[in-house]
Amino acid sequence: MPDSKSESLATLDQFARLDTQRRERTGIPEAIFAEGKTPEQVSHMLDVLTEKAGFALATRVSEMCAEHINDHLSSKFFVTHNRTGRTVVTMRKNYEPKSTGGKVAVLAAGTSDLSVAEEARVTAEVMGCEVFTFYDVGVAGIHRLVKPVETILQKDISSAVVVAGMEGALPSVVRGLVPIPVIGVPSSVGYGYGGKGEAALMSMLQSCSPGLTVVNIDNGFGAGATAALVANQVAAAKMK
Amino acid sequence: MPDSKSESLATLDQFARLDTQRRERTGIPEAIFAEGKTPEQVSHMLDVLTEKAGFALATRVSEMCAEHINDHLSSKFFVTHNRTGRTVVTMRKNYEPKSTGGKVAVLAAGTSDLSVAEEARVTAEVMGCEVFTFYDVGVAGIHRLVKPVETILQKDISSAVVVAGMEGALPSVVRGLVPIPVIGVPSSVGYGYGGKGEAALMSMLQSCSPGLTVVNIDNGFGAGATAALVANQVAAAKMK
Amino acid sequence: MPDSKSESLATLDQFARLDTQRRERTGIPEAIFAEGKTPEQVSHMLDVLTEKAGFALATRVSEMCAEHINDHLSSKFFVTHNRTGRTVVTMRKNYEPKSTGGKVAVLAAGTSDLSVAEEARVTAEVMGCEVFTFYDVGVAGIHRLVKPVETILQKDISSAVVVAGMEGALPSVVRGLVPIPVIGVPSSVGYGYGGKGEAALMSMLQSCSPGLTVVNIDNGFGAGATAALVANQVAAAKMK
Amino acid sequence: MPDSKSESLATLDQFARLDTQRRERTGIPEAIFAEGKTPEQVSHMLDVLTEKAGFALATRVSEMCAEHINDHLSSKFFVTHNRTGRTVVTMRKNYEPKSTGGKVAVLAAGTSDLSVAEEARVTAEVMGCEVFTFYDVGVAGIHRLVKPVETILQKDISSAVVVAGMEGALPSVVRGLVPIPVIGVPSSVGYGYGGKGEAALMSMLQSCSPGLTVVNIDNGFGAGATAALVANQVAAAKMK
Amino acid sequence: MPDSKSESLATLDQFARLDTQRRERTGIPEAIFAEGKTPEQVSHMLDVLTEKAGFALATRVSEMCAEHINDHLSSKFFVTHNRTGRTVVTMRKNYEPKSTGGKVAVLAAGTSDLSVAEEARVTAEVMGCEVFTFYDVGVAGIHRLVKPVETILQKDISSAVVVAGMEGALPSVVRGLVPIPVIGVPSSVGYGYGGKGEAALMSMLQSCSPGLTVVNIDNGFGAGATAALVANQVAAAKMK
Amino acid sequence: MPDSKSESLATLDQFARLDTQRRERTGIPEAIFAEGKTPEQVSHMLDVLTEKAGFALATRVSEMCAEHINDHLSSKFFVTHNRTGRTVVTMRKNYEPKSTGGKVAVLAAGTSDLSVAEEARVTAEVMGCEVFTFYDVGVAGIHRLVKPVETILQKDISSAVVVAGMEGALPSVVRGLVPIPVIGVPSSVGYGYGGKGEAALMSMLQSCSPGLTVVNIDNGFGAGATAALVANQVAAAKMK
Amino acid sequence: MPDSKSESLATLDQFARLDTQRRERTGIPEAIFAEGKTPEQVSHMLDVLTEKAGFALATRVSEMCAEHINDHLSSKFFVTHNRTGRTVVTMRKNYEPKSTGGKVAVLAAGTSDLSVAEEARVTAEVMGCEVFTFYDVGVAGIHRLVKPVETILQKDISSAVVVAGMEGALPSVVRGLVPIPVIGVPSSVGYGYGGKGEAALMSMLQSCSPGLTVVNIDNGFGAGATAALVANQVAAAKMK
Amino acid sequence: MPDSKSESLATLDQFARLDTQRRERTGIPEAIFAEGKTPEQVSHMLDVLTEKAGFALATRVSEMCAEHINDHLSSKFFVTHNRTGRTVVTMRKNYEPKSTGGKVAVLAAGTSDLSVAEEARVTAEVMGCEVFTFYDVGVAGIHRLVKPVETILQKDISSAVVVAGMEGALPSVVRGLVPIPVIGVPSSVGYGYGGKGEAALMSMLQSCSPGLTVVNIDNGFGAGATAALVANQVAAAKMK
C-alpha cells in the first residue's frame, strides 16, 4: 500500500496552494455566518479576513454581536452595521472599494421580508454592484410593480433578487415581466401549514416561469451574491 | 347502569328519523365516490339513489365502470357520462331537473386541470346552477383573465371554483379581481418537491387573499357543491 | 426590443389605477397582520388606512402593540381592542359603520379555540354582518349543537365559521346538520403526532361533507371574511 | 473477558426454552403475514404451524396465493379462504376449535373498509370469540349507529374494533356512546393531503375520547387480536 | 323546507338529555386538559365538575396553576397535586372514592418518562384501580423486566401501560412476555431524526406484537384511562 | 359598484396586448410540458407555436408521443427528437435559427442523470447558445473535473448547469472551482431515506457555496433556460 | 485573473493521477448499482472493471439484466449470479481471489429481509472475508439469538451486519449482546405509518446502543462493505 | 396456564445475572445523557457508576449541571468538565485509566460543529484511545484535508469520526481519501429547508461512499464510542 499512500499525499499536497485566492476563483468573497458563533469568534474572523482581503462581511449578526465588533474593531477598521439586514461590513481604512458597474435589483413583498432583502443588497454592494431596491411590491398590489419593471428595463439591470414569504408568488410574476434572471428567496414568513417559508419555497420550485432559480429560505446572502455574480459578468463583458 | 343504557337507546332511537331528507338538510344531494368500488357496487348504488331521489351522481368513474353502468341502467334511466370529468349522472325518465337560478363560474389553469374542473361543473349543474366555464387561464397569460372577470361581473355570478396545480397561484389572483367567494381546488399536477398538488394546496392556504377557501387536492365535487350552495342561496334570496 | 419594452411599460401603467378601490373590487377591506411588525409600523398603517377608508382592522395584535396603538391613535380615532381575539379596530370619529343585513354564525369547540373564533367574529362584524356566536360546542357533547343549529335555521343565517383543533371533527358534523356553507378553521390546539393543527386541517380536508371548505390553521380572519362575503351577497340579493 | 463470554452464553441458553408456548404466553396465536412472501413460503409455514398448533392463520393472502394453499393443503387440512378479508385459516381435520365466550364488535364506515374489518373479524373468531359485525355505519348517517350501540349494550360485548378511513372520526363517536374499550383502525382510504390513512391515523391519535387506542393503518389483524384478548379476559373472569 | 327544519330541531332536542351521565355512558370521568388554559379557567372547571361528580381530575397542570387551584379550592375540597405527573385531583370532602378491584400495571423505560407514567397512574387510580408501577425498566437492562412480569402474572393484573421514548421498543418486548393487552405510550424523549416521540410512535405502530395498541405521544391520561377501562371490566365480570 | 366594475374591465382590457411577444419580454421561448397531455394535444400545440414563432420545443415527450409528432408534423416542419433528453424540437423549414454567442456548460454526475442533462442542453441550444457537455463527472472521481473546469475557464463560458442525484454534492464542488453562476438540478436518483431527489435538493439548498442556485427536481428545462438567459446577456453585452 | 486560472488548472492537473488505485485508497472495490441502468450499460461496465481489477460486482441486478450479463460475459469471465441478493460477480478466469482472514456476521430478522442480507454477504465475501449468516432471528423469538451470539464470541468475529424492517429493534438488541461494532440496515419491510423502512431507520438512529451505526434503507452493499473493512483491518493487525 | 407462567418466570430469572458486566459484554461503558434530567439526578448517577466502575461519563451537561456535579463530587472524585463538548468525566481518585493503543481521528467542518466533535473525542479517550483532532476542515477549503489525511495514513489510525452540518458532504469526501471506516455525524447546523441536520443526515445516508456509516444528528457520543470500539479491536489484534 505504500505507493497509494505516497501518491495520495503528493496529490493532497497540491491542494495547499488552492485556497489563497478564493475571490478570484469563485468571484465571491468569503463571508462569516454569525449565527451560532460567539461575538469573540465573529470579531476575530472579521479581523483576520479584513487584514487579508481589505474588507469582510458578516451576516446574521445580532445586536449584541454587532456592538462587540464595533467595540473591538472600529479603531482599526471602518465598521458598518446594517440593523435591518443584520450585516456588518469591516474595511481597512486605506481600502478603496471597487465599483464593477454591475446592476442588480432587489424586490421584496412586505415589511417582514426587509431583513432578507437588505442582506441581499449589502452583499451585492460589497461585490461592487449598484443595487436598486423596491420594497413593498406584493402581488396583491400588482400595480406597484410598474416602478421596478420600468427601472429594470430602462437602467439595463442584469439580474433581480425577489424575496417573498406566504404563498411566494412574487418571483414568478416578476420573472414573467422582465427579460433577466430572477433569484427567488423564500422568506420565513407565513403561518400554519406551509409556514416558515416552506410554501414559498415549494411554490417557487413549482413555478412555470423558466429563468427563476431559488436559494434556501432566508438566504439573502446567497441570492445577493449570485445576482452580483451575473451582473458583474455582464458589466465585465461590456468593458471588453 | 340500566338507566344510562335505556336513555342511550331512547336517544339513539331518535336518530333513525334524521337521514331521510338529506338534500333538504344539507342542500347537497348524496354522490357516489366510485374509486375503489366495483362497477357492480356503483351501478347498484346509482340504481337505489335514482329510484329514491329522481337522479344520482357518481364521481371518479372509470371508463369500464361507466360502460357497466350504461349496460345495466340505460334502459331504465337516462345515463349521462362525462368522460373528461369522469362523472356519470343517472335520471329517472320522468324526472324534471329544477333550475335554481344560481350562477357559478369554473376556471382552470391548464389542460391537465380539466378533469377536476369538469367534475366541479357537473356537480354544480346537477344542483341546478348555470355554470360558466373558463379553461386555460393560467397566471402566465394574465390577460386571459379579462373574459372570465368580465363575465363574472356582468352576469352577476355568485361564486367561483378555481382549479390550479403547480404553484397554485391562480385562485389568489382571481380572488383579487372579483367580489365573490372563490373556492380553490389544488390539482395533482406538478413534479418533484411539492408535486402531486402539495405546493398548490400550501400556496392556496398561505394566500393573503381573504375570501379564498380551499378543498382537498382534486376534489372537484366538493368545490362544485360548495359553489352551488352559495349560488343557490343567493338565487333563493332574490326570489323572496 | 424597444417595442416590447414600451408596450410592457404602457401596460403596466394601467395597473396604477387598479388598487384604489380594493373594498369594492374584492368585497373585503384590507387588514393588517400585526405579527412580525413593530408597534410603530402597525400604528402607522392603521393611521393611514383609517384616514383613507374610515376604519381599519389589525389582527394578531400583542398586548404591547395594542397599548401603543391606543396611546397614539385614541385621541384621533375610536380604538377598540378585543383581547381574546387579539384584534384592534380603529374608526374615524365621524365614521358611520354600515350594517349589511348579512348573518353569520361562529362556532368553536373549546376555550382554547376562542382566540381564533373571536378574530373571525370581529372580522365579520367589521364587514357589516350580524354575528351569532356559539362557543364550547365540541363533538363530545353533541347535544350542545341543538342551540346553534336551531338558531341558524330560525334566523336564516347564511354561512358558518367552525373552529376546531385536536381531531377537527366539528365542522363536518355541523355541515351535516345545516343547509349553509361551512368554513372550517383548524386551530393550533393538540399535541404529539398531528398536533399544532395538522390533524385538524387534514381531517377537514378529508371530510366527506361537501359544502365544507377550509382556511389555514388559526386563520380566523380569512374565515370570518369569507363567511361575511357570502352573507353579504345573500343580504344584498334580498334587497333587490 | 472469558467470564463475561461464558455468562452471556449461559444466559442465552435459557432463551431456548422460551418460545415453545407462544399462545399461552401472549394469549394470541402466531399468524403469517403473506404479503411479500411466495405462495410456497406461506403454504409451508401454514403447514408447519397447523401441525404444531392444530390451526393457523395467514393474512394479506392474494387470490393466487390462496389457490396455491388450497391446492397443497386442502387434502390434509380444512382450508377456509375469506376473499374480502384476504385471510386463510387452516385446521387439522381432527381439531376442535374452542369457544371462549368472549364477545367482540367490529364496525366499519364504508364498503371500502370491509377488507380490514373482515381481517379483524376472522382474527377474533380464530381466537374463540363471538363477533358481531356492523358495516356501513359512517358518521354521515349517525342514526345507523343505533343498531350497533343497542347490540353492544344488550349483548354485553366487551370490546369493539372500529375501522375508518378519510377523516377517521367514527371510532371517537362510537367510543363516546359505549362503555367499552375501542380499538381504532385507520384504513388506507382517502385522497390528496392526508390520504392513504394518514388523516385517519392522526385524527384517532388526536381524539379527545379516552378509551380509544389505535393500531397502524389497515392492521385489522392487530385490532382483532387485541379486542379478542380483552374479551377473552372478561369471559374468563366470568367463569371464575 | 319547513318539514325538514322542524324534524331537525325535534331530533336535536333529543340530544339534550344525552350528556348528563357521561361516566356511566363511557366508563371514564371527564378530565380537564390544563395546558393552554388560564389558572382561573382550570380552577373554575374543577370547581364545577367536583360539585357535580364528587371529584375531578386535571392534567398537564403547571406549578403556577396548581398553586392557584390550591389557594382557591383547598378550603372547599381535598386537593391533591402530583408534581411529577403534573396532575391535580380535587374531591368533595364527603366523597368516598370507590375501589373497583381492577388491577393495572404501569411501566416506564427511564427517568425522563416518569411524568407521563405518573399521569397514567393517577388516571387509573382515579378510576378506582389498584396500580402497580415499575419504572426504569428499559430494554437495555432486560433483566429488570423480571420483577414486573412476575408481578403481572402473580397478581392477575388485567392490562399494562408501557411508556417509552427513543426507539420505543419496550412495549413490544413487554407484550411478548405477558398475556394481557398492552397500551404503548410514546414519550417525547429523543433527539435528532425521529426525536420528540416520533420514532417511538412509529416503532410501536410497526411492532409485530399483536395485543399492543397505542395512544398519542405523551398521552398518559388516555393510556391510563384505557387500561383502567379494561381492568374494571374484568373486575366487574369477576363479581358477577 | 358600477365605477369599480368598469375600471376593472378597462384595466383588464390592457392585458390583452401583453402576451403577444413573450420571448422578447422574458428572453425564453414558450415550451410544452408533454407529460400528462395526449400526443394529439402536444402535436397540435407544437403546430400552432411553430407557425407563430418559427420553432417550438416540447419536453418530457414519450416515445409514442414523439412518433405521433413525427407522423403528423414532419412533412410540414423539421422535427428533431432527442431520445435521451425526451425532447422534440420542430422548426419551420424556412426558419433560420440564430446563434447568440452565449456559452453554457452542462455537467452530470452519472449515466442516470443524462436525461435531465440532455433536456438542459437542448433548451440552451434552442435559445441560441453553444453548449459544452461533461457527463460522468461525479464527486467520487474528482480528477474528472479537470477537463470541464479547464474548458469553462479557457472558453469563457458564462454559466453552468450541474445535474446530480444521490447526495447532490457535485454542484457545490463545481461552484467552488469556477467563477460563474451554477444552476444545480437535483435528479430523482437515489433510494431509501432522501431518495427521489429529495436529499440532492436539500443538499444544494444547504450548500455553503454562494453563486449556486437551484431548480426543482429533474427540471432540466428550467436550468438550461436560466443558464442560457445569463449567457445570452453576457454575449449581448460583448457585442455592444 | 490569469494567475488564478493557471493555478486552478495546475492544481486540477494533479487530480488526474488520483483515481487509478481506488481499492488501495479506500479499501473497497468499485461496484455497479444496476438499478436504472440498461443491461447493456451494466454488462459493459462489468467488462471494463473486470479487465482492469480482475473481478467486479454489480448490485440490484434484475433477472433480465443477469441473463444479459451471462449471455455476453460468461465466455470470457466466471459469472456468478446470486438470485436472492440480486448480485452478479464477474471474475477473470485466471484471477485468484484473496482471503483476508476477516470475519463478518450477517443477521436478518425475516424472510423478507433476505435479499438485503445476501447483498451484504456477497459484498463482504468479494472483499475477502469469511461470512457467517444467521437468518430468521427476529426479536419475537429472542432465543434464536443464542446461536449467532455464541458463534460471534467463539469465532472471534469482528463486525456484524444486522438487517431489520418493521420496528427495526433487532440491531439494538444484538449490539447489546456482543462486543463488536454492529451496522444496522433498515429494510423496506413494513406498512402504513413508518412503512417502507422509515420506522426501522428512525429506531436504529434513536437507539440507545452505542456501537450501532446505520446505512440507508436496503443498502446491503454499504453495510457489507463497512463490516468487511473493519474485519479486514483486524485481520491485517493480527498478521503484523 | 400455570406451566407457561412458571416457565416464563424461570427464564426471566436468568436475566438478572446478565447486566452486571456491561462493559465487558458490549465494549462500551455506560454513559449518562444529562439532557432532561435534574442536576441532582445526574450527580447521583455519576456517583453510583463511578463507585462501581472506577469512572463515569455524562454527556449534554449544562453549565449549571456541571457546577452542581463539581460542588458535590469533586471532594470524592476527580471531576473533568469539557465546556465545548458539554461532557463531565468523574474518576475514583485511585483509578488508573488504561490506554488501549487504539487510534481514532475526529474531524469537524466548522466552529459550529465543535461541540459534537469534542463529545466524540472525550468518549473515545474515556474508552482508552489516542484521539487526533482536525477541526475546521470544511469541503470549501479542500486543501485543509492534507494534514488529517497525512496523519491518518502515517499514524495508522483505525477509524474516523467526521462531523458536518449544512449539506453534510465532508464524511463522503474524507471516506474517499482514507482506507478506514468513517462514522458520519450530522450536526444540527443549517437553516431553512433541510436545516437542523436533516439535509446532512440525508446526504450521508445517500452517499455513494461505502465504508461510511451514520449515527443520529449531534450524536457525538455514539460516533466516538463506535470509532473507539473499532480502534480497540485493531489494537487488541496487534497485541495478540
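Per-chain residue numbering starts at 1, and chain names A, B, C, D, E, F, G and H are given in the order in which the chains are listed.
Here is the rule we go by: a residue touches a chain if its C-beta (ideal position, glycine included) is under 8 Å from a C-beta of that chain, and two chains touch if they have at least 3 such contacts.
Because the structure is a prediction, the values reported are computed rather than measured.
Among the other chains, the CA centroid farthest from that of chain E is the one of F. Each chain's centre was taken as the mean of its CA atoms, and the one lying most distant from chain C is G. Compared on C-beta pairs in contact, G-H and D-G come out with G-H as the pair having more. One simple way to say how far apart two chains are is to compare their mean CA positions; for chain D and chain E this gives 25 Å. With centres defined as mean CA coordinates, chain H is found 58 Å away from chain B. A straight line joining the Cα centres of chain A and chain H is 37 Å long. Across the assembly, chain D contributes residues 1, 8, 15, 17-18, 24-25, 176-177, 179, 191-194, 198, 201, 205-206, 209, 216 that each touch 2 or more other chains.
Interface of chain F with chain G (complex): residues 111-112, 141-146, 149-150, 153, 177, 179, 189, 191-194. Residues of chain F touching chain H in their complex: 138-140, 142, 166-169, 172-173, 176, 190-195, 198-200, 202-209.
By the touch rule above, chain G contacts chain H in their complex via residues 24-28, 31, 123, 158, 175-181, 183, 201, 205-206, 209-216, 221-223, 225-226, 229-230, 233-235, 237-238, 240.
Those residues of chain B lying in contact with chain D across their complex are 1, 5, 8-9, 12-13, 15-19, 35-37, 41, 186, 188, 197-198, 201, 216-219.
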